[in-house]
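The structures considered in this document are given below.
Both complexes shown next keep subunit A, but they swap its partner, so subunit B is in the first and subunit C is in the second.
Showing the complex of A and B:
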């Protein structure tokens, strides 16, 4: 065992993640149906993330959701949502290639995120199933805890290299603080 | 560091927000003002010791524009509301 020299958590870029932005009245039945229909997961409440495998719905703001589907399904899913919402004031955009996603895995994901984002990462405040839009050091980002030992972080693809460096630095072997 | 209680996101640090300037009186008709009054409205922000109303944008959060009442001496925030 090389204790103290292992990375605090595994940082893995998700090469291809389909992601569709929806803006509209989130209380409208047509919007809910369009989103849950293609995602195959339940509608999240405010500040919630619901996921099953690669599919998820993330609350992004009072009038915005992010819908995650496998990358190869994203274009068709966006089209399906668009036709389901024809005549309704809503916007659907396939942003799959404009975002970068990272998976953090390990027992110290709370600590790695807490080094980078102004978020209370205590288990009482940040729980699996909550989504958080914030910043990681200098760039806008969001994440949710898939479970106690798995987080998914996303940001603009233009800053993916920066984010990758940040996460790897925060997970540098021997840099554990042991706060949580 | 201010903690701003966004009505949608909860208490968030100032670094997730962008300052949007003072909540000014409604825009006057420039034709009805003297040049000095117009320049004053456009470029001279109120800067009292005490309570001010100002706009903050939750740029790295939900994206909402908020109006808050903040005390410029104590930094106490008395009210946060969505929009104007």
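Showing the complex of A and C:
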């Protein structure tokens, strides 16, 4: 079989990913300490995603971060962050059950994402360790590049089936664009 | 006849024959052919009939501008109408049929219309069929629809078997058009390191230069093209795509590219078309120019073609469109065709040139040297023939058409000059200027489309910019490429410079053609518009080109007048006695040529046509026969009919089971927004009409939200989670909207308030356990105290139920004892199943949205979207109790104090009970005495919610009635859907069930 008959990349759902939303002053030391403390990952700058293993911190907006931890740790991690931030203006919410996550693996993840999201996926613009909040076709979504061949996509839980269908369609054999 | 030449054809591979069908006859062509070239090779010159008169029509052009050769392509599910044969690449097994003929292409009954042509002038339909009015719908329109039209629409039952997709690309410079100008511009821009995307609509690079030749940088144009493509392919920062058309230019550097991946190989894997959604900083349109036909009588006969197309077929495909070709041209370029035909060994009896040359320009001299007779100062009076041109009548161009001589021929190659393709330049507001010397509109560099910074973002290169000679084209392209990336201008590669005599504009041939000739001189082939039609429109007062276009349908066909617009407006300006620039052009709009619906839809079909939001319990609903109700993008169960049960019966059963036992509702779609911060209370006091800051921790309060204009926009229960934190429930449809509303106020007006929000709607499955036995059920699950003492009405508590972490709210939208239980979404299904299991012997009954609606209506609870429609204020709904009098302000307060909002004449909420117990029609109006200025019945109220109440066994309704609350007991008359049948209803209290609220507080 020629390579044209292979899927452009592997798409698999990540079951039970823990995720905590934090809103606060990202320049405040207490906020930095609270998130890096539970994640064991460095603080990201604008549009960055820092990760070590299955833990990560994603920059979501000038006053919002998403902290990824294993699902079973999420409730405790959120509580730890809340107590660390007691008396400080911040909001911590466990959104582990509100999201669906997918992992894309392969050499053509850039093309698969560029078919669905209005994002400049060129290697110059979108590098490993970057995150984007965007849309995939008709739903809100975010994604980040773990490395050159691995992307992680997340969306609302209610549209997990739709997102799965989108990603698999975009990765259909024979649909390589050959652009990047 | 037209035929394949023994040699030649740079694009075809004679070793690879390709079989295809046209009108169910098997024919043969070669790989590399277009359908048009293959048809000509098989002597199929006539390929269709015209739209209005059903005149025989043949291939005119060789590219995207083709007006005539439209075919039905493919069969069954792959059938597609109006496909241009000139841009359809041939493949094995291609199946095409001609359009707009009945019963056959050769014999067509509609051709009788041609005999009636003088009774079918411009605007005929408007004039003739306007009276009597009813005839239009029942007689004229069906008749016209039968006889008019082009391709056949696909069978509605078929489904497109192909796939399509979108692709987002971001570049610095997009070059549209892969001729020498596009190649040179791309090269010039790419030198800066800019990211360049070059797209070409055909399968080949080089455009006209590959056919017309010339020398660039000391090498033949074709070699230079090949070398330049290779150079560009080797550059990291350049991407080249063939078969990709620049379809439209939009604001902010947005461009649509239409890539036809598999049209030429329908069995291949992958998408058929891909829509490129490009964001580019700069655009260079190197879209070339299109040759114009000449308006002489009989110029629509099969065999009359554009001169450039004739030599394209010879040079590119080794096809001779005719054995004897007369060339008629008003410019030097047309001579190239005569020379190319002669070189291919074909007969060229004459070149007819309305100009008179004192000294022959080079191309004219070259033609004469090749032994071709040149008739100067002459014109074609008319072309003769039926299904094929058989000859022409020569006349003096300055005269009225008196015959001087006849020349037999089977092909006429005409060139009326060239029009730069300015479409993409114009899409975003680029203006044109009339170049009288060249007789064409060219882009006005002083009036380019501008971006957000006020600087031009579209540049034009080459013949699209009005440069017709190789040397000028390359220099212009080099300039455009450099300007697009901010580089200094630099010399372009050298090319041979040419001398040419000026064009002599010919808008009608001969110059003083009489009525009979003008009525046979076609401007728009596809829509059957003639010179005489445009002149008639001018006489009837259509002075604006846009009006003339719509009156005559000039340029309104699928080719959008690519060949006809300039000729048509020249005729119009002449008839109006104005200059061409004064008349101006019609508006150029995307797409450049039609693009497929599939490409526009992209991947959105079948399962992923649109997102369907699913709750954590969705699968259970599906497995248990839920009838779905779309609520935004959610699917919610309307009801759960059992075997043999109607929806109506199911709803009745669900209501009764809930009122008498226990019901279960999946309320997960309700919005849940957390609002936290030291200013959260103050913020909610502004958002809601009532006081939220005074809500004690642990308690719930119902609240209303209004827009700045005072109108009710959302409602829901707020729970105070701790001193700084509130949880706001919204309606299902309000979740995203209200969250955005909150963020807007926080980010734009109250940016210094200490408040954060988070939309946690999907974090929780929320399940309502409702009915007198609800407490028994939760007690069986165990884990927390849900007694009246521990958890009274309008309070909440955290705990576990059946070992699942839960937050339990004692709130009720049904009037019954009710708990809304929020559990983590991942455990929602488990909790649902547990309730069904534990409650089986209690008769636990899942219910849907309709039972929910019935029960809330029995209680007189309003529903956003039923009792509200964007014009209703809370005061209209008797909700004054939920509007704080103490607060200095809230969103909507000031608006609600305006005179019309406080007027005693507003329609207000009441209950309605029909005297006969029937159910009022939804939306029915209550009539009042008299009629309004429009002769309509005056009204005094309308129904907002109406149901059959299983609890009360009669119809109940709510409605807004003029002065309603003051008219309790009064009977008003509503009209049914027919507008005549009267239903009498008594105005009553809207709370039909348990008005004291004893049942929910137990």
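A few remarks follow.
We take it that the second predicted complex is superposed on the first by the 178 of 180 C-alpha atoms of A that agree within 3 Å, B and C clash if a C-alpha of one lies under 4 Å from a C-alpha of the other, contacts with A are read in each partner's own complex, and residues count from 1 in each chain.
Rule of thumb we're sticking to: contacts are C-beta pairs under 8 Å (C-beta built on N, C-alpha and C of every residue); 3 or more make two chains touch, one makes a residue touch a chain.
Given the structure is predicted, the values throughout are model-derived calculations rather than measurements.
Looking at the shared chain after the overlay, A:60 reaches subunit B, while subunit C stays out of its contact range. In the superposed model, A:135 lies in contact with subunit B only, and not with subunit C. Legend: residue contacts after superposition of the two complexes on their common chain; A:21 is shown touching subunit C, with no touch to subunit B. With both structures placed on the common chain, the touch criterion links A:103 to neither subunit B nor subunit C.
By the document's definition of touching, of the two partners only subunit B reaches A:47; subunit C does not. Touched residues of subunit A, counted separately for subunit B and subunit C, are more numerous for C. Using the contact criterion defined above for the overlaid structures, shared-chain residue A:32 touches neither subunit B nor subunit C, since it reaches no partner. Of the two partner chains placed by superposition, subunit B and subunit C are both touched by A:118. Look at A:159: by the touch rule set out above, it reaches subunit C but stays clear of subunit B. Counting contacts as defined above, subunit A residues 118 meet subunit B in one complex and subunit C in the other.
Within the complex formed with subunit A, the subunit B residues making contact are 8-10, 12-13, 15-16, 59-64. Only residues 46-47, 60-62, 64, 118, 133-135, 140 of subunit A touch subunit B when the two sit together in their complex. Interface of subunit C with subunit A (complex): residues 163, 165-170, 195, 239, 268-271, 274, 277, 279, 602-604, 607-608, 610-616, 633-634, 674, 676-678, 754, 756-758, 760-764, 824-827. Of all the residues in subunit A, the ones that touch subunit C in their complex are 4-5, 16, 21, 23-24, 63, 89-91, 93-99, 111, 114-122, 124-125, 137-139, 156-162, 165-166, 169-170, 172-177, 179.
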